[in-house]
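Scrolling down, you'll hit the structures one after another.
Heads up, the next two complexes both have chain A, just with different partners, chain B and then chain C.
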Partner chain A sequence: MSFHIEVITILLNGLQQGAIYVLLAVGLSIILGTLKFVNFAHGALYLIGTYAGLLLALDVNLTSGLLAEWGYGQLGLGLGYIPALFLVPVVVFVVGLAMERLVVEPFKNRPDTDQILVTFGLAIIVQELFRAMFGSGSLPFSQPTWAQGAPSVPFLSAIPISQWRYYVIGITAVLVLIVYLLVEYTDFGLVVRAGTRDPEMVELLGIRLSRPYLLVFGIGAALAGVAGVVGGPLNPVNPTIGNEILVPAFLTVVIGGVGSIAGAVLGGTLFGITQAILVSTYSAWAQVGLYAIAAIVLLLRPQGLLGEEEVAP
Partner chain B sequence: MSDEPATAAETGEETPADVPGVFTLYGNELKTLIATAIVLALFPFVFARMPVVSDVLQGYQSLTTLILIWGIFALGFDLLLGYTGLLSFGHAAFWGSAAYGAGVFSQHVTGSPVLMVVAGTLVAVLLAWVLGFLSLRRGGIYFAILTLAFAQMLFYMASSPLAFITDGENGFTGVETAELFGMIPLEEDLPSILGELLGTTLYAFVAVLTLLCIALAYRILQSPYGMVFRAIRENEQRAKFVGLNVWRYKLMSFVLSGLFAGIAGSLFTIHGSYVPLSSLYWTESGEVVIMTVLGGTGSLFGPIIGAGLYLYVENIVSGFDTVGPFWHLILGLVFVITIWTFPRGIWGFFQDVRDYITGGDDQ
Partner chain C sequence: MSLLEVDSIDAYYGESHILRDLSLTVEEGEICALLGRNGAGKTTTLRSISGAKPPTVEEGTVQFKGDDITGMHADDVAMQGISLVPEERRVFANLTVAENLEIADVSRNASNTWRRRLTSTGQSMSTDQVYDDFPRLRERKTQIAGTLSGGEQQMLAIARALKQSTDLLLLDEPYEGLAPQIVDDVESAIERINDQGVTILLVEQNAAAAINIADRAYVVDQGATVFRGSADELRADEQTREQYLGV
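Entry: the complex of A and B
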């Protein structure tokens, strides 16, 4: 393999890994920026997305867990990947709405630490619930046959990357663009941004903030769900994936700057590409490098790369 | 809460004669420590050997040691979370690094348990100083995420780049613990009545350190220094306006809590003769968070009770046929319910019951 192909492969792999981080980080970031709510259960939403995608897209044969014991070993709707891609965000969006009403609302006026603790507890509950139901082993979630192998486009066919990864990058780009336009150029976005600045004033003007907030949380959750369903076929699927991806996702938000969609994109891409480069050069340092970057950015620029100077709490 | 310790110190600066000496007792110190010592002495007997009770509880000796070790860890964590109001999600860094420190020290220098604890604790304290310095640049949620990030960095460091010291994924197996003071084997039962009560020398060793840790924590919290921690928790801005160097106190609170985590981590190595890589993973930080909150933040004994409950569920309830496989789920549910409805935890519940009975004038 020639050198430039190798470089392009690494960059594309990095972009794809970054795309997953971006999807999670954009959701986390808008939730943190507007609702001022710290969601340690965001990884759990990713987990729900992955499992929902798996069950919608394929027929799954469970070998352990309660569902198998109860005689539901043959599970899954087998609708295929395309319907799953559209249905999963809807499912996780609804989960997000429920979570906003049942958890976020009651904890809005509690201290940050309580929010972190309760969502951390929820993340454990979701993880253990999935472990109990589906067993703790990894489930097979293969890439769709039509998306395996390099695309048959003149230039890209020389690069050994499956089409699925291009789709992941493409889907992420489109979704993030939609969210960006929604927040920046619509009336809904105007209310959300105003609410971020000065919620009291917005409510005094007679605008109910609770609905836009609900929607923001739902959108953030749906993005995590998408991340789960597009990321699922690229990694082993087991109940711990949610909490494993939570830490890098949070770091992406923090180095990008809280509330900044562009920051989340920049941070996620930076993380993804760094990781890809390190994996193919000094693989032992791949994970450490991620955290080292985060540490350096935060020490030099505590508000994040594209974050605004925050007012001291 | 009385203002006496604070005024004593203020006047103390002017007239050195009023400075309370090391042996001056604060508040109910003597009473508290004697009561603690009695409980620590009876605990293994009741839990592992007492005829009916231990059968019902299904307790065993080595779990009592483990409970105290995690109790020390949770106690130190509570100093930070419950008293200073800082939530760290990276305490596995101190626990794990002390565990590795003690293990490596025993392999290359000496296996004396006392020196192992000193070495491990030193590693943890130095690390806490550095990480505290870096993480405390930002408050609130950023602090939680930063500590989490640094701890994870350490985990991945230990897993591959430093694998030549830590043995990477396999965990560190080269622990060589020697006899206590060069003559008493740790794993053997103590003679006669002491053996019946305490069990092994290891338990006695851990129990003595636990008592010392509780005494230290009690001292810190009753002193003007501890009063400042609480002031920061209640209102950081106001503490700043009074003229206190808030940042310095926060850092010291962090380092002190790293000290306790270090003692506990080193003891964990002695107890298990093995350091698993997972001792640095962030779920370990999560466990100490759960223990502390379950037991009750902002209390001296709550976290230790929380540690006991957690380990009991993890090690004994997990063996039950019916609910056993779901022990982690049960703990998660109990944890969420605690935060939701009763943020003061088990100890807070005890206090409420006591206040209800006595009419609440004890406070």
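Entry: the complex of A and C
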């Protein structure tokens, strides 16, 4: 493989891995910025997205876990990947709404440490529930046959990157753009941006924030669900993937700047590309690279790359 | 019936007892001043009226246009026609001037789309009217509010409140930190708004400036009313002014 092909391959792989971080970090970041809620269960939403995607898209043959023992080893609706891509965000959006009302709302005015404890506990409960039901082994979730292999267009066909990875990048770009437009150009977005700064003042203007907050959480959850369903076919699928991706997702928010969509995109892309470069050069250092970048960014800009220095009063 | 009747309320911040049996009334159309030293309970009174929490009102009632609004959620109080311009202005520093005004429309839109009960009979001003009243804001409408001067931020906070349907405007220390020239501007803005039919309850530390434009005044000390009367009576009452206001 010639050098420039290799470089482009690494960059595209990085963009794709970064896209997964971006999807998770945008949701985490707007939830943290708006609701001031630290959601350590965000990875659980990713996990739910992956499993929901798998079960909606394919027929799955479970070999361990309670479902298999109970005789439900043959699971899955086999609807195909496209319906799954549309249904998963809806499913996880609804899960998000329930979670906002049952967990977030009661703990919204509690200290960060309480929020971390309760959501991390929830994340472990979800993980262990999935382990019990579906077994701890990895389930087969392959890329769809129509998206395997390089796209048959000039130039890109020479680069060993599957079409699925391009779709991941494209879907992420479109969704992040939609969220951005929603936040910048709608009444909902106006209330959210004002509420990020001074929630009490927003309520004094006659606006009840509980509904916009619910929607913010639902949107963040749906994005995590999409990350799960597009990321699922690129990685092993097992019950620990949610909590494994939580730390890079949080680091992305922190280096990008809490509450900043552009920051989440920049941070996620930076992480993805760094990771891709390290994986293909000094692969043992791939994870260390993320922490090194996070440490350097936080030393130089504690508020994150695009975060505002000031915090809400 | 008075527009606002605060009837012997006791308000608490957690364990601290801030307002003790405080009563006041505001008549339709007037400018009523609420004066007193720092920490006397002025802001707590305004927060108790507007439904901001804390404080919690544990005794007594707040009635607005004859309806009991004690303990009501802040956004519901706003929908009844009470607008607050809080201490330190609290404009949304991350939004533009135009967006700061636009957000006041959202609750009215919500009353259409979500059938929130909007019982205010007050006229809300259109953006154009507000800009006519405060031409500086029109000049700066695309500017980020956080970069405005103190006086401009005060104008913006008042303009934002007027964009709501307002029967009663609560102003908390509108002159605080402003240069004397700007105090005059804000003062004439308050009088102009009052002339347009908006009732005003004005909280100030700068008692002299407040008495200037007020019809009536209350003086509070340690969470209780120690004086009530017309502005002229307060001007004449040297003892009250010296003891509680330091002027």
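The rule is simple: the second predicted complex is superposed on the first by the 309 of 313 C-alpha atoms of A that agree within 3 Å, B and C clash if a C-alpha of one lies under 4 Å from a C-alpha of the other, contacts with A are read in each partner's own complex, and residues count from 1 in each chain.
The rule is short, and it goes like this: a residue touches a chain if its C-beta (ideal position, glycine included) is under 8 Å from a C-beta of that chain, and two chains touch if they have at least 3 such contacts.
Model, not experiment: these values are computed from the prediction.
Participant: For A:277, using the defined touch cut-off, is the partner it touches chain B, chain C, both, or neither? Pick first, second, both or neither.
Facilitator: Touch status of A:277: no partner.
Participant: Considering only the touch criterion stated at the top, classify A:150 as touching first (chain B), second (chain C), both, or neither.
Facilitator: The answer is neither, since A:150 touches no partner chain.
Participant: Contact-wise, after the overlay, does A:299 reach chain B, chain C, both or neither (first, second, both, neither)?
Facilitator: The answer is first: A:299 touches chain B but not chain C.
Participant: Quick one: classify A:205 as touching chain B (first), chain C (second), both or neither.
Facilitator: The second partner, chain C, only.
Participant: Which partner does A:77 reach: the first (chain B), the second (chain C), both, or neither?
Facilitator: neither
Participant: Compare chain B and chain C by how many residues of chain A each one touches, and report the one with more.
Facilitator: Comparing chain B with chain C, the partner touching more chain A residues is B.
Participant: Quick check for you: in the superposed arrangement, does A:117 touch first (chain B), second (chain C), both or neither?
Facilitator: After superposing on A, A:117 lies in contact with chain B but is clear of chain C.
Participant: Taking the two structures together, which residues of chain A meet both chain B and chain C?
Facilitator: After superposing on chain A, chain A residues 313 contact both chain B and chain C.
Participant: Would you mind writing out the residues of chain B in touch with chain A in their complex?
Facilitator: Contacts found on chain B: 81, 85, 87, 89, 134, 137-142, 144-146, 148-150, 152-153, 156-157, 159-161, 163, 282-283, 286, 289-290, 293, 325-326, 328-329, 331-333, 335-336, 339-340, 343.
Participant: Show me the residue ranges of chain C that touch chain A in the complex, using the header's touch definition.
Facilitator: The touching residues are 50, 52, 73-75, 78-79, 83-84, 86, 90, 92-95, 99, 102-104, 106-110, 114, 116, 160, 164.
Participant: Please output the residues of chain A touching chain C within their complex, sorted ascending.
Facilitator: 187, 190-191, 193-194, 196-198, 200-208, 211, 308, 310, 313
Participant: Tell me, which parts of chain A touch chain B in their complex?
Facilitator: So the residues of chain A touching chain B come out as 32, 38, 106, 112-114, 116-118, 120-122, 124-125, 128-129, 131-132, 243, 247, 250-251, 254, 283-285, 287-288, 291-292, 294-295, 298-299, 302, 313.
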